[in-house]
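What follows is a short report on a single structure.
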């Protein structure tokens, strides 16, 4: 049942590595936004809107990885056969 | 029972790596916010609100990984069969 | 069924690594944009347009990886045979 | 009993890597807060409150990993069977 | 069928690593452009044109990797034989 | 007795990696505090209090890892069986 | 048929790693050019010409790797024999 | 006697990696303190006290790892059995 | 036929790693040149000449690697024998 | 006699990695002290005292690793048995 | 014929890693020279001469690696025997 | 005779890694000292004395590793038996 | 004949890694020299002399590695026996 | 004859890694010295003397590694037996 082993490893690493990078990325963006608001509080509205757009786009990257991880765990076409084979093992 | 081994490894690494990256990311954002408040304390309200939004979004990335880790440990469709097989081993 | 194992590993790592890098990249771009708007709020419109173009191009890089990951999981020409072989194993 | 080996490895690495990253993250945030207070001691109250919020959120990331590590060591559904099997080995 | 395993691994890593680097590269370029426009909004037109040229060239690097990945999955001269061999396995 | 091998490895790496990261984190925080006190010695009291809070929180991260390491060495539920098995080997 | 496995791995990694580095390199160059144009828009023509020369030279590095990857996939002198051997396997 | 091998490896790596990170951390803190004293020699007393507190806390992290290393070498509950087994081998 | 496997791996990694480093190197040089021209457009001629010399020298490093890769694929003295052996396998 | 192999590896790596990190740490501290003395030579006495305290603490970290390495080579409780076993091999 | 495999691997990695480092090194030097000429165009002659000396010395490092790679491929004393052995395999 | 293999590996890596880190550390310290002397040549005496103290302490770290390497090669208690065993092999 | 394999690997990696580091080191030194000459062209003579001394010392480090690589390929005392053994294989 | 393999690997890596680190270290020191002379040419004599002391100390680190490498290749106590054993193999 190496297939199942591979799929859970891949799912775990995919979401882990993606969250790693996106977390740093969002941190960089957030850091820039914080500095921006403090330097020019009147622009806080515009900064907030753009920050949310940017964070959402980074979030989407991580969600792609989450989707792949969920597919690997629940919806991969070979999963059923593998679990059945495990059952009848 | 390699499947169980793989799933616990994947769960541990997923949450570990994700927490690693998100921790640094939140640290970067927090650092920026701290500098911001000290430079312009009157903008502290706006900065705090946006900081919380940003930290929450980074937190969410790590929670995705936590969810995947929990699924790998409790809810993966192949888990039951594997534990049963372990019992009847 | 090593082929299936390899394809799920590859799918997971492809999207994970790509999201990692693109997340940091978008974070760098976002950070620059945030600083830019705060320094010169009147240029916010131009900055926003260009930021979106740039983020979209980085997003596209990650989507390439997502496409490859999906192909590896659903549309690779050898996948059918492998799943069938798994079924009749 | 590879399962037990895998779970203790995963538990150790999960908490180790998470503490690694969160430690650096908290250090970055703390560093920013220290600079902030020295530049503007009157804002120390606001900075302290926000610093605590931020550190607590980073702490939470590490606690997720701790929870996963504890589950892997005490509450994983396959653990009982594995220990019993080890006993009756 | 190690060949198929190798080709899917290679395809996944090629696009993943390429997207990683190009994503950071585009982020650096985008960050520079954002700063540039905010400092000198009147030069926004020239900056935008050159930014697009640069991003397109970085994009092209990633597309080379995408092309290689697609070749590895669909058009490699040894692929047909390998899939046939898998079928008649 | 692979279980015992795994648990001592995991214990060693957990505390080692955690101390690595927390050491750097505390160093960053300490560095910021030192700069802060020298720039504004009158704020030394506030800085010291907050520095201690921050260092304590980073310390706690490392203590989580220490706790996990100690559990792995003394209190893991499978440890007794494994040592007994080793004795009766 | 390890040769084919090796050649597809090598092709994938060659283009992947090369695109990684060249992407960052072009990003650095692009970032410098963007800053340059904004600081001195009148020099935009000269900067653009030199930027294109530089990006083209970095592009050429990646194309070398692409050429090697294509040779490995289509024109390596041992490839024919290997595919034939795979067919008659 | 793999257990003994694992425990000495783990002991060595634990103290090695911990000393690595804490050494850099203390260096960062020391560097900040040195700059601080030179900028404001009158605050040298306060800086020295806080520097010692900070260095001591980083030292404690490394001592945790040292304790774990010593336990692994002298006090691990499975050590006696393993050495006896080695003797009667 | 491990020799052929080794030579294609080596060829791919040689050009890949070399292009990686040279790409970053050329990017650094290009970035410096861009900043230089914008700061002092009148020196653009001298800068351009020297930039081309520098980029050409970095290019030459990568071409060395390309030459080695091509030798490994086409002109290595052991290649003929290996291919012949593959044919008569 | 894998135990002896493991212990010499562990001893070598422990002191090597520890010296690596502590060397960089001492370098950072030294660098800060040098800058400090040049900026404010009158504070050289205080800086020297604190620099020595700091360097000594970093030195102590490395000495912990040295102690562990020496224990692994001379005083580990399982060492005698292992050497005797080697002699009577 | 592991010797041939080892020698081609070593040749490829030697030139690849050397070109990697020297490429970055030349890029750093070139970047410094470019900045230098733009800041002080009248010193361009001296800078150019020294830049060429420096780049040539870095180039020489890479050529050492190239020489070693060529020796490994053409002139290693054990190469003839190995190729002959391959022929008579 | 794996013990001898392990000891030479460990000796080589110990001194290699230690020299790596200490070399960078001494370089950092030296760099700081050079800047210091140029900024304030009158403090050159004090800087030189402290620089030598610092470099000597870093040197000592590397000498610890050298001592361990020499012990591993000449004075390890198990070495004699291993060499004798090699002779009587 | 693993000895020959090991020696060519070691020779290739030794010169490759050494050239990598020394290339970056010389680049750093060259970069500093270039900046120095442009800032103060009248000191170009002194800078050039010292730059050459420094580059020569870095060059010497790489030549040590080259010497070791050549010894490994031509003059190692065990080489003759190994080649002879290969011939009489 | 794994011992000989291990010793040549260790010799190569020891000198390679040491040269890597010391090269970067000397580069840092050289860079600082170059900047120093250009800023204050009158202090060139003092800077040169101290630079040479510093570079010589870094050089010594690398020479330690060279000595270890030479011992591993020529003077290790087990070397003779191993070569003799190789001859009589």
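Letters are used for the chains, namely A, B, C, D, E, F, G, H, I, J, K, L, M and N, taken in the order the chains are written, and counting of residues starts over at 1 for each.
One rule holds for everything that comes next: a contact is a pair of C-beta atoms (placed from the backbone, for glycine too) under 8 Å apart; a residue touches a chain by one contact, two chains touch by 3 or more.
From a predicted model like this one, the values you see are computed outputs, not experimental measurements.
Q: Provide the labels of all chains in contact with chain H and in contact with chain K.
A: The common neighbours do not exist; no chain touches both.
Q: If you take the chains that touch chain J and keep only those that also touch chain L, what is left?
A: Output, common partners of chain J and chain L: nil, no chain qualifies.
Q: In the chain contact graph, what is the shortest path length, in steps, from chain F to chain I?
A: Minimum step count, chain F to chain I: 7.
Q: Just give me the whole-number Å value for how far the CA centre of chain A lies from that of chain N.
A: Taking the average C-alpha coordinate of chain A and of chain N, the gap between them is 45 Å.
Q: In whole angstrom, how far does the Cα centroid of chain H sit from the Cα centroid of chain L?
A: 19
Q: Quick check: how many Å separate the C-alpha centres of chain H and chain M?
A: Centre-to-centre distance between chain H and chain M: 35 Å.
Q: Note the residues in chain F that touch 2 or more other chains, in rising order.
A: Where chain F meets two or more other chains at a single residue, that happens at 2, 5-6, 9, 11, 13, 15-18, 20-29, 31-33, 35, 37, 39, 47, 51, 55, 62, 69, 82.
Q: So what shape is it, when you link every pair of chains that touch: line, ring, star, complete or other?
A: ring
Q: With chain K as the start and chain M right after it, run through the chains round the ring.
A: K, M, N, L, J, H, F, D, B, A, C, E, G, I
Q: If we count contacts the way the header does, which residues on chain B are in touch with chain D in the complex?
A: 1-2, 4-6, 8-9, 11-13, 15-35, 37-39, 41, 44, 47-48, 51-52, 55, 59, 62-63, 66, 69-70, 73-74, 79, 82-83, 86-87, 89
Q: Using the touch definition from the top, list the residues of chain E that touch chain G in their complex.
A: Going by the criterion above, the answer is residues 2-3, 5-7, 9-11, 13-18, 20-29, 31-33, 35-37, 39-40, 42-43, 46-47, 50-51, 53-55, 57-58, 60-62, 64-65, 68-69, 71-72, 76-78, 81-82, 85.
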